[in-house]
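There are two complexes below, and they share chain A, which is joined by chain B in the first and by chain C in the second.
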Partner chain A sequence: MLAPQQLAELGRLLAADRVATDTDTLTRYGLDWTRYFTPDAAAVLFPKTVEEVVALVRWAQREQFALVPSGGRTGLSGGAVARNGELVVSFERMNAILELDKVGRTVRCQAGVITKTLQEYALANGLYYPVDFASSGSSQIGGNIATNAGGIKVVRYGMTREWVVGLKVVTGEGEVLELNHGLAKNNTGYDFRHLFIGSEGTLGFIVEATLRLARPPAELAVMVLAVPQLADIMNIFNAYRDKLDLTAFEFFSEQALRHVLARGTVQRPFDEAADYYVLLEFEKIAPDTETQALALFEYCAEQGWLVDGVLSQSQQQAAELWRLREDISESITPYKPYKNDIAVVVSKVPAFVAQLDEILAREYPQFEVVWFGHIGDGNLHINVLKPEALAIDDFRRACEQVNKHVFELVRDFNGSMSAEHGVGLLKHDYLDVSRSHAEIRLMKAVKSLFDPDGIMNPGKLV
Partner chain B sequence: MKALVAVKRVVDYNVKVRVKADGTDVDVANVKMSMNPFDEIAVEEAVRLKEAGKVSEIVVVSLGVKQCEETLRTALAMGADRAILVETDAELQPLAVAKLLKAIADKEQPQLLIVGKQAIDDDANQTGQMVSALLGWAQGTFASKVDVAAETVDVTREVDGGLETVKLRLPAVVTTDLRLNEPRYVKLPNIMAAKKKPLDKTTPAELGVDVAPRLKTLKVAEPAKRSAGIKVANAAELVAKLKNEAKVL
Partner chain C sequence: MLAPQQLAELGRLLAADRVATDTDTLTRYGLDWTRYFTPDAAAVLFPKTVEEVVALVRWAQREQFALVPSGGRTGLSGGAVARNGELVVSFERMNAILELDKVGRTVRCQAGVITKTLQEYALANGLYYPVDFASSGSSQIGGNIATNAGGIKVVRYGMTREWVVGLKVVTGEGEVLELNHGLAKNNTGYDFRHLFIGSEGTLGFIVEATLRLARPPAELAVMVLAVPQLADIMNIFNAYRDKLDLTAFEFFSEQALRHVLARGTVQRPFDEAADYYVLLEFEKIAPDTETQALALFEYCAEQGWLVDGVLSQSQQQAAELWRLREDISESITPYKPYKNDIAVVVSKVPAFVAQLDEILAREYPQFEVVWFGHIGDGNLHINVLKPEALAIDDFRRACEQVNKHVFELVRDFNGSMSAEHGVGLLKHDYLDVSRSHAEIRLMKAVKSLFDPDGIMNPGKLV
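After this line comes the complex of A and B, so read on.
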């Protein structure tokens, strides 16, 4: 709870109209995309400048008040959730694109710039920001960096980390650090920039970023393939990857597709359903690229790995085919899905998937399980849907029971229990599935260096 | 019954076009080209008619540069039986297109000529009407439903404020509207099969058609930019602005 005195002080640090305490704002900004927590924020603050962020941190340090950095609130692990009376610091008003360096191919922007806005800005300037996913119309660059977001183009372009060449951050002590200055090369010791990437707001605030940009891809073609056996997906991946520069390799199950189709906005790609589908995208870099892709299709069909396939004939069709994959997350949101975002090294995907399938069939017979994900990165999104009749808490408890088995398997495979979505609140108790106790001890030590009073997003990540 | 379908290669619907610096035309260099969406609907309708046993052969025709072959291959992959390219680098205006289509129709003698109601590049909306006049055939434009019988075709048309159904004697010209159908995705095996389907080439000269342009484009300009919105503090300020600045009250 904020005392009236504290509220007045915050109103002086910012402006009164950028300190919100109405119920609607508190509820909205107290949550991210997860639906398990009850929001309880003391206030929502909307700084406009780095100086204001510094002043806020200094104030919070003095008052020992916890802060929750808040971006586009599309996070899937509860990282931006305030449920213990924290102050939410939203970057919505820090959304300026500051500088384009066309020669260096970098762009400097404030943390609150919407991912899609940056993508469009780059394209308008003949360049390309490749990090992309279904929530890019709402997520912010600061949130992407704080979660090291991945997405649908990782196979070709890597995660957000690959694209960050400079950061301006405010630590938990209110110190401003300029990290790496946009340099391509800078071997001058520990690179704190990489500590902040994926730090989920636990070390400090990301207030500005300098991002690398690429040349825009040539025309992209999209294929959707019908695959009867989950295990064959990786055979198809290997075949295509050997010959083509894939820009995406995604998969989803018939179950997932049905939820997308139920919304009635896109049509089924094939007359006959298959158990699994692959969506792959490639750059038509040479005149014979498409012929290659067709030959590969024939080859995979001869091996019995796939039974059908479609190829986009226009950018419009490519966009429609992408929706089959990209609309999944949103179409199952009403079922309050319990999301598993797990990964193993690509070579181990078939073995992992076989065992996972067995566990899920055994442990979740009563639940609908929806499979999809960035399988070309070894990353699976396993979504368990809540049956209508089951109370959310009971559902979550049931899922956590099964998690034990799933995470045991992940541990056996040296996999990740959270490949892209981060740890936040949701996966906090499972950190040791993927990180050793020594690592976790060091992570805590690092946090206390940057945030000695523990005011930065407490209870999240470590 | 034979159906003839015309398909045009246009700038992809998803491409944001820009006007050339000298204002003479839209810049299409290095821009993705695809089949005109209304023509996709025309091909889809013909294929459905064939699947329903009403049409026995589908011939697709495209007029223009060599790359129109790609557009024709897409139509073949969707289910057309053979293709004709009337190859020319000349600028083709609606009347020339209509004359070329008439020449092809004279040769092929289809019962149905299906074309898009317009092409999304020039938005002329003239070809179907003009070719029907040149052929002396009935026309059913803006079709949202097509019902083919032995001697006639019922075309439900999207008109202002509702639907109108006309009965045409065959042969006839039908132009497609957006809601007629949802074109299928093209299957990979069909793309491969389409490579083996016949694609014949001819030229305007061989067809005896003079395609010299008769219309002159004076200027091409970008639409006016919309200026950014502003926030007003209250209704009174809004009313004041509408009155004094926008002068709409």
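After this line comes the complex of A and C, so read on.
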């Protein structure tokens, strides 16, 4: 709760019209795409400059007031949720693209630039920012970096981490650190850039980033394949990956597809239905690449791994095929899905999936479970849909019971309990599934170095 | 200095024949490729297991005895030098390749595996470990990771950092941390793996690593080009990089070439001499790639950027051309070169080089200066050769005088004062050229979390 004098001080630090306390704004900016928390923010602040961010953090440190960073709020673990009277610091007014370096193939921008804006800017300049996901129209670069966002091209281009060559951050002491200066090579001690990537705002705020850009890919072709057996997805992956440089290799279940089709905006890709589908994408790098892809299709069909498939004949068709995969999340949002975002090393996917399938079938007999994910990265998204009649708290409690079994299995496989969604509030209690007690102790100690007063996004991650 | 009882204890922790105190071993293992320090190690230890490393570290913590890690000792900044009576911990007996995952394309190995051994093992299994440098026949994986080694393929494949998906480390408290478990995706808090990469043994010892492997490249073609003007190297880089996916783009001076030719083992690549040469490499990914490369050659020649060149006609010729670049370091070793390993962002290379050239010509009139480096990464190696008559200490002092000017310039350009060689002992005093005082303070604090007694490679880096 902000005292009137505090509110007045914040108004002076920024400008009165960039300190919001109306219910609408508090609710909207106090929540991300996680729907399990009740927002309760004290105010929402909209700084425009790094200096303003520094002033805010120093003020918060003096007043011992907790801060929550706010990007596009598309997170799925409650990392950007304010539910304890915190101040929300929105970066949406810090949305300038500052400098393009065409020779160095980098772009420097403020934290609030929207992913899609950056992607389009890069393309307009003959370059390419390859980190992409369904939420790219809302998510912001600062949030992507704070959560090390993954997405649908990781199999080729890696996570956000790989694309950050410079960071400007404001620590919990209001200190500005300029990390790595956009350099391709710089071996001068501990690389704090990588400490901030994926730190979910708990060490400081990312205010500016320099990102690498790639050459744009050649024309992309998309295939969707019908796969009766989950285990064969890995066989198909191996066959294609050995011959083609894949830019994506995604899978989803018939159940997921049905939710997308139910919206009536896209068509089933072929007559044949199967329990699972693969969507793969590759660059038409040589004149015979498509021929190769079709030969691989024949080979996989002969092995009995797939029963039908389609290869895009145009960019428009490719985009339509992508919607079968990309629209899943949105199509199931009305069911308030409980999400598991888990990963194991790729080669262990078949064994892991077999055991996971058994657990889910046994533990969720009453719930609909929708599978999809990035199998080329070993990353599965399990979405449990809430039956309409069930209260959300009861539903969440039921899912958390099942978590015990799921995370037991993840632990047995040395897997990740949050492959790309981060920890935030939602996964906070499961950190020890993937990190040892020694690591958690050291994480807490590292946090207290960068944020000695614990004002930066408290209660999240560690 | 080890007391007899301490020596006896170490003999019990390992085995008597894995604790060496003879002068030969102490001298050999107390020094790396930096020739500016006098080795003074108390003993050299050869553990065989992680448990033995843990026992050693715990013993050292109890006895407050400093430890220095020792890999292939090919470092160029004195990171692995013992000159204050430390215990050297050699990893050469921990040299097992533990597990190949062909589907996941990863390999798990102990820290002491030699780079070339790993490269050959990968190739024998149809895969590829792309981090490569002239010292690959001696350098060890653990040392590569501890120094985030770069090398000659960074422009395509990045630094060692990009290839590490799992690390097992022993901290300065003797705690074993298993970092990231080889996962492609794992967003569960601060990524300590990246903190240990490039930490030069100051936080703990790397005992095991899981490395990503790539598909082997298609057949590689090499071109060497004669370039009269240093500034035009960037123009050539831009022209080629826009059309071809380069796997290497190196440059060296005529002066460097002369040292290589003087050894009489390789030939001048063409009759025409120029002040500078470019060596570039690309995959013959399509039937017309070489035609494209030759068309680019014509274009660059028309612009007046180059005056001669050669394209390899066989793998043997490609290997011979590579020796023109790779043999430089060895050919100048007898001159005890003082090395600057500096980097700026790629687009600033021409401006930086022009000013640097001026400084070197002005400040080193009496010394021969040999240039080479990885211009596609913005990374220049400046080697100042010691005149035979000059004492090494006087020579080093003279070079350190010039450093002031060089590092002033690096600082003006927000560059790196050690792009790939690390900090170690040699660059320790220049850390603030590339890192702010706030960063250095935080680096020291982070070190004290992982190594509270300061026993891990003290005096290096921070």
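In this section, the second predicted complex is superposed on the first by the 462 of 462 C-alpha atoms of A that agree within 3 Å, B and C clash if a C-alpha of one lies under 4 Å from a C-alpha of the other, contacts with A are read in each partner's own complex, and residues count from 1 in each chain.
The rule is simple: contacts are C-beta pairs under 8 Å (C-beta built on N, C-alpha and C of every residue); 3 or more make two chains touch, one makes a residue touch a chain.
Only a predicted model underlies this, so the values are computations on that prediction, with no experimental measurement involved.
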Query = Between chain B (first) and chain C (second), which does A:M223 come into contact with in this model arrangement: first, second, both, or neither?
reply = first
Chain A: partner with more touched residues, chain B or chain C = C
Query = Should A:V446 be classified as contacting the first partner (chain B), the second (chain C), both, or neither?
reply = second
Message = A:P69 in the overlay: touching chain B, chain C, both, or neither? Say first, second, both or neither.
response = neither
Query = Should A:F297 be classified as contacting the first partner (chain B), the second (chain C), both, or neither?
reply = first
Ask   = Touch check for A:G204: first (chain B), second (chain C), both, or neither?
value = neither
Request  = Have a look at where A:Q313 lands relative to chain B and chain C in the superposition and call it first, second, both or neither.
outcome  = first
Task = Determine, under the contact definition given at the top, whether A:G373 touches first (chain B), second (chain C), both, or neither.
result = neither
Message = Just checking: does A:G143 make contact with chain B only, chain C only, both, or neither of them? Give me first, second, both or neither.
response = neither
Ask   = Counting only touches as set out at the top, which of chain B and chain C does A:G30 meet: first, second, both, neither?
value = neither
Note = Per the touch rule above, chain C residues touching chain A in the complex are 101-106, 147-148, 150, 154, 159, 161-162, 171, 175-179, 181-192, 194-195, 197-199, 203, 215, 234, 238, 242, 245, 285-287, 343-348, 374, 377-379, 414-423, 427, 431, 433-436, 438-440, 442-443, 445-446, 449-450, 461-462
Key: Residues of chain A touching chain B in the complex   = 219, 223-224, 267, 269-270, 294, 297-298, 301, 308-319, 321
Request  = Sort out for me which residues of chain B touch chain A in the complex.
outcome  = 12-15, 32, 34-35, 37, 74, 77, 182, 185-189, 191-192
